[in-house]
Amino acid sequence: MPQTIFVEAINQAIIEEMRRDEAVFIMGEDIRRAVYGATANLHTEFGDNRVLDTPLSENGFFGAAIGASLVGMRPIVETLTSFMWVAMDQLISQAAKMRYMFGGQATLPVVFRATMFYGGGSAAHHSDRSYPMFMNMPGLKIIVPSSPHDMKGLLKTAVRDNDPCIIFEDGTLMGARGEVPDNSELPGGELLVPFGKANVVRQGADCTVVAIAGAVGHAVAAADELASEGISVEIIDPRTLVPLDKRTILESVEKTGRLVVVDPAHRVCSAASEIASIVAEEGFWSLQAPVVKVASEQVHIPYTPALEKLVYPNKDKVVAGIRKTLE
Amino acid sequence: MDINKDRLMLMLRRMWTIRHFELKVIEVHSAGEFTGAAHPYIGEEAVAVGACAALNDTDYIAGNHRSHGHPLAKGGDVKRAMAELYGRKDGYCKGKGGSMHLADFSIGILGESGIVASSVPVATGAALAAKIGGKDFVSLVFFGDGASNQGACHESMNLAALWKLPVIFLCENNQFAVTTSYKDSVAVEHVSDRASAYNMPGVLVDGQDAIAMYEATTEAVRRARSGEGPSLIEGLTYRFEEHSLGLGRVRRGEYRTGDEIEQWRKRDPIVIHTDRLVAQGIATLEECEAVRDETMAEVDEAVEFARNSPFPDESELFEDMWATPIPQA
Amino acid sequence: MPQTIFVEAINQAIIEEMRRDEAVFIMGEDIRRAVYGATANLHTEFGDNRVLDTPLSENGFFGAAIGASLVGMRPIVETLTSFMWVAMDQLISQAAKMRYMFGGQATLPVVFRATMFYGGGSAAHHSDRSYPMFMNMPGLKIIVPSSPHDMKGLLKTAVRDNDPCIIFEDGTLMGARGEVPDNSELPGGELLVPFGKANVVRQGADCTVVAIAGAVGHAVAAADELASEGISVEIIDPRTLVPLDKRTILESVEKTGRLVVVDPAHRVCSAASEIASIVAEEGFWSLQAPVVKVASEQVHIPYTPALEKLVYPNKDKVVAGIRKTLE
Amino acid sequence: MDINKDRLMLMLRRMWTIRHFELKVIEVHSAGEFTGAAHPYIGEEAVAVGACAALNDTDYIAGNHRSHGHPLAKGGDVKRAMAELYGRKDGYCKGKGGSMHLADFSIGILGESGIVASSVPVATGAALAAKIGGKDFVSLVFFGDGASNQGACHESMNLAALWKLPVIFLCENNQFAVTTSYKDSVAVEHVSDRASAYNMPGVLVDGQDAIAMYEATTEAVRRARSGEGPSLIEGLTYRFEEHSLGLGRVRRGEYRTGDEIEQWRKRDPIVIHTDRLVAQGIATLEECEAVRDETMAEVDEAVEFARNSPFPDESELFEDMWATPIPQA
């Protein structure tokens, strides 16, 4: 299968969906010139009306996307997680709440592509990994791709989904390569990855590791290292956090009796906290050891590489976490 | 005045509908028939009615917490609106929205927002859809003098002006935000003066005069449909009642003098409209009184309808969360 | 001891702190006329300069409070949780991050008093219980008083604290009465409740119930009901969620072997999830039964009383939760 | 021009300091001595230097992501600024902030914000403290043409105008936000035109002319200190370099013609200032060149200082989170 770079997978998904459906359009800052790469060539192919460069008014243009989605369009919005704070009004009070509040009258097929730049000296203002905060608010579908394959397949599914979706694109993966099948190789002729279906990245018997977005790679590296010692790790990538595939996680813990959750977000009230609490509540009798959360330290992201590298989950922290469950 | 009689009478009818609706709401709310906040539109009827009379059914509106007048002015169903306030199954939102969140997407009512100014970007987005989708509908959003100080208004007006979107920003300046005078919240003399910051037309209109509101909106709609872009209309008006039902703590006299209130009550938009119709021989007083009585009866029926409508079943709690259902884990 | 109403306790705390320290001032919407009650009489006593009515510009005036706090003032801001969405820019990018980002140069003694109105037909736009989202973001102290006594004592502590504090005032308690000592009765002459020190509301042997804000009352009612059956419940009120008194919770679970967490917030990534995950990680060997989360359903707040009453924790749900841990 | 020589020479010195600082940053950043974004201020020096020359040490400034010029113009320490970019212990923020978050509270530099327009409300708040605290300092905030479209600007300007706060809103209109022309993001001809929406004075100033910036800011400061309220100043300028280091993908020619860039480079603020000083006999060319050389040496030293400064110790990760320590659970 062809190797594709993560950012190219995003670009492929957008192009395929915009070709498929006239109602799909994209807006964001400096996307015509593809400052962040993912929107390359869109303006040339789709023109001014479907590729909109916006002013620096996230609350305004996020809301415009939401409003357009209410009346038949299917907008894709490009942004960074760190720019969503200024637009929380529209994301929470409108996108998340509108449908329920209006008794189901509103349908909002809008996709927010939010890149998480972290790990490269972006400092506190540009390194947010904020999906846990959005998980607490009902009404938003939360997508966390960990590979070019899932990125493409989940984004295409999101564009066709009729609810507001936020795709948290892990900046540490932007340059990552991975296999993405040609559409010709695919039965349906295209790549669609369903929501709410976890991916069992690797089967194992001794410990279940649930890893999110960029953390999946650390889990794989840790599992490789421990394999040499005969420790068999099962790795689960939820792929979407809302909806969350609880069953796959609980079934795995039933088999392994142990759980480590690896989450690039801040640890307090993180996705790791949620998953750990679900297992403590619904999978308690399967657990043979304490649950371990490997998440980012509860501190802002320092600029200096000397400190930033200490903050996030990494292979060694995952290895240590797995060992802890096996003590 | 080249407005035909039907439309003029429809305007009268809608103003009366809103008036009776609000009077009834005050009555049944204080009788405890339902709870929660409700923000009476009494005194401001001409603003929404005049504006909506300039729109088609295929045009969109969005509103705010002072939320009964807008949908009724756009032709919303009195029964379903009342049932919503009662939290019943037959309400516009099946009881899930309540007073502040009336909506009827089938006739272009994109819903009222409890968070002030929050529907301004949304309405701007509907206009964006018209532009890039090549449709000829327009979008109109109601917001208050207080709301005009939210960043959302700035961002939306700038966006709409840049992209020449078919949207009408309609500021209902009733001169207060709860207890705060707009003179203490808007740094410029009139909200409509701010239009110059986006080089779009801004007009100050007598909000007690339904016909003036109709004419100003008609011109804004013309601009919008012909691709000339957005307009800002400020309807200067006055809230005859308190900010919200259940805010008894805020005694009127404390921030508005009884005298000021009396002066404004003398400029009742329904009386002004009726007098003109009669004076100009467009309608007889009897015709006008018939409209008043018919709408009162309609509102009474709506209350009966609401009272007899069932509460939603507990099984409905999780309905209407998702348009694309999520797998049940 | 005199019985004081919750909202009066707020008022007392503000008046005492404004009398004590010239740098303290308060701003918010319609506070001079005390629309929400807590600011009664302030304008008369402290005048225009220290009691500011603001325009409807939460992001603007929250930021103004933050800026004033940077240069020597100690602002108190009155708002509702539901109005914080429009101001997330200033709350997150400035209040929470500034001090760390600037290497400790910034000191922000600013208090946000955010009322949570829920349970009374306020519907989706006015019923937010959003503290878990703020717990995920480092840099904010999160306070959740459950009684007039704690409300007064924690607010006074917050005003003297040199970090940004958000006090989530539970609207269901606004009219509640409770004992608040006269200052004359107090050793130090005033009521100060420390941060990070949980309150053991009631001692018990069979099950630990950690309850937050308005949920403490449900826990007490449930404990009373079960006491008649000889079930002894220990109730812990964390009082502050950041900092969180983990030790008191873990020690209690060590004793009882059982944990129920009661949280008015939405259950996914809630404070209940966090506390449950902490115990699953650090108190696992004490647990003799699955942890139970009793939180609000993951749905928006419906207006109609017929549905709204189903959403929140209540006595019966807490009783059922405790029984579950004892099965 | 009644500005004494010392101040004029100080302005020249600070412009050169910024210029050398930025040139050096481009050099060492591309050599990979540190990573992360950095936004060169080259070409815009006169804006911050002219503005800050009108301020006292006790006055406050706040800035944005284009973050090196503002603190250096206010008299910030070159060594500590450079060490911060290197992520070192001796940096202004102990390495925790980096390029976009320089700050020196000891001389009124309240810090640069990576989120555009986000420091505008904060600076407005410092001015609020001056007013209610009866202090006579003023506050000045730098933001871009792109940032002017954020709601935060609208809300802050309205608030400041209402309350007559001693704040100066200084828009650095370098005509682009990354690749977007301000003509495509600001719906009115000039950002300064928006001042009328808050009835405060708005002036358009040649941002290549340090003295013009100084004079406009001096008048705004006078208004502020005398209780007349805020002002909006738009410095029309141009960014000589790319938006940010490490954004190579955005090729200049794509959104700005080489010709336009050349025309603007001809209006180098340092050359303009130097020529005037010499022409008017205020300083000799030698004196000016000495300033250029001294500041270059200073920047070279700063780089040495930064290189030799240690990285923070791992134990410092959790320091600086809280001013009032929290009990360790």
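Order as written gives the chain letters A, B, C and D; numbering starts at 1 within each chain.
Note that a contact is a pair of C-beta atoms (placed from the backbone, for glycine too) under 8 Å apart; a residue touches a chain by one contact, two chains touch by 3 or more.
As the structure is a computational prediction, the values presented were derived from the model and not from experiment.
K.L.:
Across the interfaces A-B and A-D, which one involves more C-beta pairs in contact?
P.N.:
A-B
K.L.:
So which of A-D, B-C or A-B is the twin of C-D, meaning more than half of its contact pairs are the same residue numbers?
P.N.:
That interface is repeated by A-B.
K.L.:
So, what's the distance in Å between the C-alpha centres of chain B and chain A?
P.N.:
From the centre of chain A to the centre of chain B is 40 Å.
K.L.:
In angstrom, rounded to a whole number, how far apart do the mean CA points of chain B and chain C lie?
P.N.:
Distance between chain centres, rounded to whole Å: 36 Å.
K.L.:
When the C-alpha atoms of chain B and chain D are each averaged to a single point, how far apart are the two points in Å?
P.N.:
Their C-alpha centroids are separated by 45 Å.
K.L.:
Counting only residues that touch at least two other chains, what does the list for chain D look like?
P.N.:
Expected reply: 91, 93, 95-97, 101, 113-115, 118, 149-152, 154-155, 158, 162, 184-186, 321.
K.L.:
Check each residue of chain A and list the ones that touch at least two other chains.
P.N.:
Answer for chain A, listing residues that touch two or more other chains: 55, 57, 59-60, 82, 85-86, 89, 93, 100-101, 123-125, 138-139, 242, 299-300, 302.
K.L.:
Spell out the residues on chain C that touch chain A in their complex, using ranges where they run on.
P.N.:
Per the touch definition, chain C meets chain A at residues 59, 82, 85-86, 88-89, 92-93, 96-97, 100-101, 123-125, 130, 132-133, 135-139, 242, 265-266, 268-274, 276-277, 279-282, 284-285, 287, 289-293, 298-300, 302.
K.L.:
Which residues, counting only chain B, touch chain C once they are in their complex?
P.N.:
Touching chain C from chain B are residues 34-37, 84, 87-88, 91, 93, 95-101, 113-118, 146-147, 149-152, 177-180, 184-186, 247, 249-250, 254-255, 311-312, 314, 316-318, 321.
K.L.:
Would you pull the chain C residues touching chain D in the complex into a rising list?
P.N.:
Per the stated touch rule, the residues are 23, 25, 49-50, 52, 54-55, 57, 59-73, 89-90, 93-94, 98-109, 138-139, 141, 161-163, 195-197, 242-247.
K.L.:
Considering only the defined contacts, which chain C positions touch chain B in the complex?
P.N.:
Touch list, chain C to chain B: 29-30, 32-35, 37, 53, 55-57, 59-60, 82-83, 85-86, 120-126, 297, 299-300, 302-307, 310-311.
K.L.:
Which part of chain D faces chain B closely enough to touch in the complex?
P.N.:
So the residues of chain D touching chain B come out as 149-155, 157-158, 161-162, 184-189, 193-194, 196-200.
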